[in-house]
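Listed after this line are the structures, all set down as C-alpha cells.
Look at the two complexes coming up: chain A is in both, with chain B in one and chain C in the other.
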Partner chain A sequence: MTTSALETTGIASRRPMLPRSLVGLLLLGPALAFLMTFLVLPSLILLGYSVLTQSQAGDISLPLTFGSYERLVTSAAYRRVAMTTLRVAFFTSVVALLLAYPLAMVIAYGRPLASRITMMLVVAPLVVSVIVRTYGWQLVLGNNNTGVLNWLLSALGAGPASVRLLYTEWAIVIASVHVFLPLMVLPLAASLARINSSLNEAARMLGAPAWRAFLRITLPLSIPGLIAGLTIVFSLTAASYVTPQMVGGNRGLMLGVLLEQQINTSFDWPMAAALAAVLVAIALIANVGVGWLAERHFRGR
Partner chain B sequence: MAKGGTATDLALSGLTKVFGTATVVDRVTLRIAAGEMVALLGPSGCGKTTTLRMIAGLVEPTKGEVLIGGYRITRVPSHRRNIGMLFQNYALFPHMSVAANVAFGLQMRGMAKALIQPKVASALALVQLGDYAERLPSALSGGQQQRVALARAIVIEPSLLLLDEPLGALDRNLRESMQVEIRQIQQRLGITAVMVTHDQEEALTMADRVVIMRDGRLEQVGTPAEIYSRPTSRFVASFIGASNFLRGSVAGRNGDQLQVQLASGGQVLVPSADGGRSEILISVRPEAVGLRRIGETPSASESGTPATVQQIVYRGQTTHVHMRLDDGEPFVAFLPNRQGEQAKTFSAGEKVWASWSSQSNWPVADS
Partner chain C sequence: MAGRLSGGGGAAVYTMAAATLVFVAAPLAVVVALSFSEGALATFPPVGFTTAWYEAVIANEEFQNAFMVSVLLALAATATSFALGVPAAYALDRWPVPGARMIEAALLSPFILPILITGLALLQFLAAMKMRDAAVNLFIGHVLVTLPYLVRTVTASLKQVDRSLEEAATTLGAAPWQVFWRVTVPQIVPGIAAGCLFAFMVSFDDFPISFWLGDAETMPLPIFLHSSMSKVFDPSITAMSSLMILTGILAVIGLEKLVGLRRAMSV
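And now, the complex of A and B:
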C-alpha cells in the first residue's frame, strides 16, 4: 500500500507543466507551418490572381474582375474541356473500382501467399515514374501498326491498325487507371479486412448464397474504403497533367493540360489561376459528394 | 413459432478433419435425438469448433458424413442446410437494425414482407427485445446482442441450432441467466441443438447430454450425471469437477466388487465389471470425503486412507483441506461449512484419517 502511494505521488510530481492542448499544438506546429507556407498561402495567392487583371505588359494587378471565370463558363471550348475532365475522371474511377474490388478481396481474404503476391503486384507500379509508365502506354496504344496492341491484333488477323486509342479520352482513362489503381485497392482492402469474417458466415447460415451475402453484407460494410478510393482517384485524375498531356492529344484535352497551356503558351496567369480554382472545386465537390451519396445509400438499408 | 413437428435428429458418422498433417477431428461418430441439446466440452484446441463448423458446412470434412433427419447433407452448402447458428462474437450485421437482422433469414427465403413482419415481432418478443426493433446492434449490451442473434437464428425455424461458446463474452451473472433463457427457448421450440463450450458448469446446466472431447476424439458421452458420477477415465474425472485419484492393487473379489489394497494404506471396495486387472486407479470426489482424527473408529461401510494435512483454504460454502497421502500423492477434501467448525479443528502437519462412503469409489482408466 505504501509503495503504491509513493509511486502515485512520484507520477504526480512528474506531470507536465504545460496544459495538454498546448502540447498538442506544439506537436502539430511543424506540420501546420509547412502546410500554411506551401499550401494555404500559395492557394490564396492563386485565388487572388484569378480575380485580378493582367495588363498587356503582363503585370497582374487591380482592378478586381471575374472576367476569367466568365470566359470559362461562357466559352464552349472551355466547357468542352471541363466536361472531358469530368468524364475521364468518372470513367477512371469506375473502371478502377471494378478492377480494384476483386484485387482487394484477394488481398483481404486470400491465402497468405496469394494475398502477399497480389499486394506486391498492385503496389509495384508505384515504384516506376509516372512518365516512364505513360511512355509505356504510348508504345502499347500507338495508333498505327507500330503500337503493340494494334500489332498484336493484326497478328491475330484483325486487319492493320484496327483500334485508335492513343490521343483519345480512352487512352487517358486506361493510363490513369493503371497509375491510380493502387490508391483504390489499398483503402478498399483495408476496409474489407476490417469486416469480421463471422458476419459473412452468419449470412450464409441464414440462407444467403455467396453472392447475396456479398451484396447485403460485404459490399455495404466496405463503403468507407470505397468512398476513400473513389475520392482519391477521382480528384487525382481530374487534376492530372502528365497522363493527359502525353496520351490525350487534342481530343483528350483536360483542365490540367489547359492550365499549363495558359501559363506557358498564352501567358494568361489569371485564366490559369481560375482553372486551378475550378480543379480545387472539383476535388472538394467529389470529396463531399461521394461521401454524401454513400452515406445516403448506407442509411437507406 | 409454436413447438412444431420440425425437430430433426442429427448424426455424425466418422467425421474427420485434417489440417495439413494435423488430425484435428478424428472419426467422430455421434447420434443426437430430435429436440435434444448436446454440449461438446473439452480443453482448448481439442476440435470442438471444427466439429461444429463441419456440421454447419463452414468447414469441409476430410472424411465422414453429416446426416440431418436421415438425409446426408455433407455436400450441401451452408446456405441450404437450414441451420441456425450463434457465434461467440454475436455476428450481428452492424449496418442493419435489430429488426432487419432478424428479418434477414426470412428475406433470403423469399418470404413476403407482410409475412416477415409478424414473425420478426414474435421472435423479438420471445427474447424480450420487442422494444428494441429499430435500434442498431451497437446500441445494445452484449447480452441483448446475443438475444437478437438467438431471435435471428430461430426465426428461420431451423432444423438444428448450433452454438459456439455463445456466452463466452458475457460476465458471470448474465451468463447464468442467459444459460437458462437459451435452454428454455430451445426446449419450448423443441429444437435439436449442439453447443460448444469449455465451461463445464455451462455444459452440465444446459445440456441433455455432454460429449467430452480430447485431441479430436470423443472421450465420453453421457448425461451430466453419468459423466460426473461415472467418468470413464482420469481425464474426464479431472476435467469435470475435481477429483482425487488413488492407486491400488486388486486383492480379491467380493461379488461384483473388487477388494483393493491402496498404495497409500487401507483397503477399499470398488464396483467393477472386469476383474482381470491387478492394478487399478480409483476416483474419489473431494466433496465425498470426510476427515477423522486418527484413532476414531471408522464405520464398516466406509473406505479410507491415512493422510497428512498440508493446507486449509476457506472458500465460503466449503473449506478445502489439502493433504498428502503416505505414497506421496495429493488428496483433497471439500468440507461443507455448516457450522464453520469442523475444518478448524485440523491443523497443518496433523495426521488424519480421510474417509468416504464406499459407494463413492469409482474405477477409471489411467489416461
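And now, the complex of A and C:
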C-alpha cells in the first residue's frame, strides 16, 4: 500500500484526539466481538465436548476421554462413511475442475457477450437455494421412468428405467458438482483474467501452436486459482449435508449426515462434536494448509 | 481479449462450455417445467399447462409465513452485517491496525468453516445460554454467515478507490469527513450495494444454519420447502422452488445492473 499524503498530513495531524490504531480497533471492535462470541467461543466449546463424557441422563461432563475419536477410527462402519466422504469430495472436485476450466476460459477470454451470458448462468445457481437445486437432481435422476434422464433414454430406445443413479454415491457427486461448480469457476476465471495476454501472444508469434501455449503458459499461470477452487470445493463437499441427505440414500452416507444423526437420532453429542472436529480439520487442512504450501512452492521458484 | 479463443481450440472450448451450461441449467429448467404441469404428481414429463399450483402456493398460509420469515430474517441479517462489516472493512483498509491480516482472516473464516458445524456450535452455545427464542437465534446465525460477504465486498471496493481524488480534495481544503462522504463513499456505494444484495440472497437461501436454529413457528422458506418435499408430492413443490429460482434470477440481474457481475464476484 502506498503511503498517501492523506495519511501523512491529513486526519492524524489535524485531530490528534485518539491514537490512529485505537480508532481502527474501535471500528473493528463490534464485528470482532460478535465473531468471538458467536463463532470462536461456541466452536471451542463444541471441540471441548468431543473429549468429554456423556452420562445416561445426557449431561456432558468430565472425565476427559478420547473415546469418541477412538470409535471413529476403529469402527468399520464409521471408517466406511469417512471413506465415502473423501471419495465423493475427491471426485466432485476433480469433475468440477474439468467442467469449470472451459467456462472460466470463456468468462476470461471469450467474446464479451458470450462471457457475460456464461457469467450469469454460472452465478445464477449460486443464489438459488441448495434445496431447490438438489430437488432438481432428484427429478432428473429418478430411478423409474419418470426420472428425466431415464425418460430421455427410453425415448431414445434404451429400454425403460435403464440407469439407476439416484441414491448412489454418483448421484451425490453429480449434484455436488452442480452445487459447487460456481465456486470452482470464479477463482479460476479471476486467475485466468490476471494472466498477461502478451505472454500468450509472444509464444504464438514465436511459433508455438495454441495447445502448447495453453499447456506451457496459461495452465501453469492459472494454478493459484485452480488450487483455490479445488480446496474450497473439496472441503465444502466433505462437510455437506443437504445433498447427500437428499440424493445419497443409505449407500451414500456421508460424515455430515452421520453428524446430524448423532444429534437428532442418537443424541450423542460427544460423537457429533468429534465428527465436527474432523470436518473442521479437513476444511482447515484443505484451505489453510494447501494455501500455505502452494505459496511457499511458488515463492521458491 | 476477444481474439484469445479462436480457431479449432477456441471452438472446442466454447462447445465444452455450452455443454456444461446445459448441465447447469437442466435441473432448474426441469423444476420450472413441472411447476406448470396439470399432472397430480411432480413427475416427468409435464402434462398440459396450468398456473393453478402457483395460485395454490401463494394462497397457502404456511408458505406465506415461511416467506415472510425468510425475507425479514434476510433483511435484518444484511442490515446488521452492514453495520458491523462496513466499519471493520474500512478500518482494515485505512488504519494501521496491529495484526490486520489475522483479523481479516478471522472475519472471513465463516467462508471456509463448514456452515453445518458453525450452526451446530451455535445451537449448543445458545441452548447453554438458555436462549430459546428461535427468531433471535436465527438472526444471530444468519448475521454470522452474511458478515464475511459484506467484509469481502467492502474491502474489495475500498481497494479500488482512487486515492488521488481523496488527496486532491484534502489539498483543496476539504475536512476529513467531507472527503469521506463526498469522495470515498460515492466510489464504494455500488460495491457495497452488490455485497448487501448477495448477503441477502445467502441468508434467504440458507439451509444449514436455519436447520439447527429454526423451530416449527419460525421456519424459514428453505426449511419449509425441505420438510414439504417429504410430505407433498404434487407439483406445488416445483412451484415454490420456481419462485425461489425466480428470486435468484432477479438477484443476478440486480448484481449485473449494479456493478456488473464480474466485478461483483471479483473476477
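As a working rule, the second predicted complex is superposed on the first by the 265 of 301 C-alpha atoms of A that agree within 3 Å, B and C clash if a C-alpha of one lies under 4 Å from a C-alpha of the other, contacts with A are read in each partner's own complex, and residues count from 1 in each chain.
We take it that a contact is a pair of C-beta atoms (placed from the backbone, for glycine too) under 8 Å apart; a residue touches a chain by one contact, two chains touch by 3 or more.
Only a predicted model underlies this, so the values are computations on that prediction, with no experimental measurement involved.
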item: Overlay on chain A: chain C relative to chain B, clash or fit; value: fit
item: First (chain B), second (chain C), both or neither touched by A:Leu41; value: second
item: Partner chain(s) touched by A:Ala202 [first = chain B, second = chain C, both, neither]; value: first
item: First (chain B), second (chain C), both or neither touched by A:Ile285; value: neither
item: Partner chain(s) touched by A:Leu215 [first = chain B, second = chain C, both, neither]; value: neither
item: Contacts of A:Leu293 with chain B and chain C, given as first, second, both or neither; value: neither
item: First, second, both or neither for A:Ala77, with chain B first and chain C second; value: neither
item: Touching partner for A:Pro125 - first (chain B), second (chain C), both, neither; value: second
item: Chain B or chain C, by number of chain A residues touched; value: C
item: Superposed arrangement (fit on chain A Cα atoms) - minimum chain B/chain C Cα distance in Å; value: 8
item: Residues of chain A contacting chain B in one complex and chain C in the other; value: 210
item: Of all residues in chain A, those that touch chain C in their complex; value: 2, 4-6, 9-11, 14-15, 20-21, 23-28, 30-32, 34-35, 38-43, 45-46, 49, 99-100, 102-103, 105-112, 114-116, 118-125, 127-133, 135-137, 139-140, 142, 146-148, 151, 178, 181, 186, 189-190, 193, 197, 200, 210-211, 214, 232, 235-236, 238-242, 246, 256, 259-260, 263, 269, 272, 276, 279-280, 283-284, 287-288
item: Residue ranges of chain C touching chain A (in the complex, touch as defined); value: 1-2, 4-5, 7-10, 13-14, 16-17, 20-21, 23-28, 30-31, 34, 41-45, 83-85, 87-88, 90-92, 94-98, 103, 106-107, 109-110, 112-114, 116-118, 120-122, 124-125, 128, 140-141, 143-144, 147, 151, 163, 166-167, 170-171, 176, 179, 198, 201-202, 204-208, 211, 221-222, 225-226, 229, 237-238, 241, 244-245, 247-249, 251-252, 255-256, 261-262, 265-267
item: Chain B residues touching chain A - in the complex, by the definition given at the top; value: 56-58, 77-85, 87, 89, 91-96, 100, 104-105, 108-109, 149, 152-153, 156
item: Touching residues on chain A, where the partner in the complex is chain B; value: 196, 198-199, 201-210, 212-213, 216-217, 220-221, 298, 301
